[in-house]
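Please go over the structures that come below.
In the two complexes that follow, subunit A is the common piece, with subunit B as its partner first and subunit C second.
Showing the complex of A and B:
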């Protein structure tokens, strides 16, 4: 599965596109994995996850061919 | 036919009737920085009848790369300069300039009765204040925000309680999110998102095209890639109760101590000044100043016997950095200079 990173998530993960070798996981499991690998993500409480450009809840299932977007809040103006 | 608008009224979707809708509209713009100033000028040019522009600041040289309607040698307030610019562009627009920061105690007076709001501030709490107020009062809101090379955009039409707003995307303000002054921003993303906010407002008033209601647009200028994400209703709490309880001021961390410039000048002996401004910028005083990149400061071996005073251009970023340092090691003797380098410049000017 491909993960597109936006905003501060791009800085923390160090790339705008991350490929994860997972067949099927929930959004909550994905968040846990990412938080474990990139603990700085934990500083940002409310990042949004979209699956194939649709807002996803923690329970939503992600399949191997899905495109995920990791969207943290942004506040510049 | 008014010749001024002929190039847009010739468009069949707009025509004279559409122009009348624009003329009869009142739009408020919260924040006149990189997003708001450019949006204001485009909305004025298009013939929005009334524009309320709200900002309490004066232009800062470090922001002029993206705030292109201000001048290097004009120290009047942003709203004063912007009003003058809009008046010379289109005298038919009634511009109400509010030289004040939008806050909970004036939002009712400033936004009630407007047809649409553009949220263009760079202040996270302000974005939530405007969001909650507009959602409760049923005022359509165009949301925009930028980060380095990226921007977000959405329209919250706020016609029904089920309409999506900012809290459906990001339920609570996240004060760890860095601002432009900390991480930087390329000027063109501000211009693009500002113009897209104006565009979203025009489409909404004219009722043409597909609006971003219920959608979040993300734009990355490095890859020219944009995405439109479909949002879902996610916020389930009582917004009215929250609005009543929250004062929407940025909580200044209780352990950050701000030192006044005058106190700093008096106390000369055991101070270590630490600048997080660009190296090319001036040293503050004749104290020995260390220059540090913000991200590297955590590893600084601070002299715990000295009084360490961190300063940036305005005193805002240093406060955030001091807060981060203290949360890692509460034992640091470290302070943030109130008003930053600008306070020192002001002091120097007062001497001459």
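Showing the complex of A and C:
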């Protein structure tokens, strides 16, 4: 599955599109994987995961064809 | 909700206060409230040279549209226009404009505040601050 990365998350992960070898996973599992692989993510404020352009909670299930995004704390305006 | 009551735009080019004003202007309304967010030189004692805004465009549009729909429902607005700039914005440049129109001023003031406050909380747009000595994403530090 492909994960879109923005802002500070893009800098930490080093790409705007991260590919993970997963087919179905919960948001919590995805966050655990990301935090393990990129411990620097934990140095920053908590981030959100969006599924198909909607904020998702930890229990939400992600499928391979969903559009996934890693949303660090927003700072528009 | 009639689609023509909402105008959401995320733009690379300079924003136009006139466009937002003209969108919300209509004969049913006696009050228009405008919020214009601009780039300031000093932030927490540090000198800013310019800002850079990045956006998750499709989701940012959706989130802005949700805010607009809620503002209309909650405050009984006639129209709302929300424009956000992305890319590099210089000092005094306009980063965001919220324009709302309603019959009376109270709803206009309240809805405008609601819209900009909500935008800052939920819309996936990120600001990178370029200082005279370095740069960082705003809001990312614990």
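Here is the rule we use: the second predicted complex is superposed on the first by the 72 of 77 C-alpha atoms of A that agree within 3 Å, B and C clash if a C-alpha of one lies under 4 Å from a C-alpha of the other, contacts with A are read in each partner's own complex, and residues count from 1 in each chain.
Throughout what follows, contacts are C-beta pairs under 8 Å (C-beta built on N, C-alpha and C of every residue); 3 or more make two chains touch, one makes a residue touch a chain.
This one's a predicted model, so the numbers in the text were calculated from it and none came from an experiment.
Trainee: I'd like to know which partner A:71 touches here: subunit B for first, subunit C for second, both or neither.
Mentor: In the superposition, A:71 touches subunit B and subunit C alike.
Trainee: Considering only touches as defined above, state whether A:61 meets subunit B (first), subunit C (second), both or neither.
Mentor: Touch partners of A:61: none, neither subunit B nor subunit C.
Trainee: Who contacts more of subunit A, subunit B or subunit C?
Mentor: B
Trainee: Looking at the overlay, what does A:44 touch: subunit B (first), subunit C (second), both, or neither?
Mentor: both
Trainee: Of the partners subunit B and subunit C, which touch A:8 in the superposed model: first, second, both, neither?
Mentor: Once the two structures are laid over each other on A, A:8 reaches both partners.
Trainee: Contacts for A:28 in the overlay, against subunit B (first) and subunit C (second): which applies, first, second, both or neither?
Mentor: In the superposition, A:28 touches no partner, neither subunit B nor subunit C.
Trainee: Could you pull out which residues of subunit A sit against subunit B in one structure and against subunit C in the other?
Mentor: 4, 6-8, 11, 43-45, 50, 53-55, 69, 71-77
Trainee: Any idea which subunit B residues touch subunit A in the complex?
Mentor: 31, 33-36, 120-124, 127, 144-148, 150-152, 169-174, 176-180, 183, 185, 190, 216, 218, 220, 223, 227-232, 234
Trainee: Given the complex with subunit A, which residues does subunit C contribute to the contact?
Mentor: Residues of subunit C touching subunit A: 37, 53-56, 58-60, 62, 84, 95-96, 116, 119-128, 137-142.
Trainee: Give every residue of subunit A touching subunit B within the complex, in rising order.
Mentor: 4, 6-8, 10-11, 16, 43-48, 50, 53-55, 57, 69, 71-77
Trainee: Where on subunit A does subunit C make contact in their complex?
Mentor: Residue list for subunit A touching subunit C: 4, 6-8, 11, 43-45, 50, 53-55, 69, 71-77.
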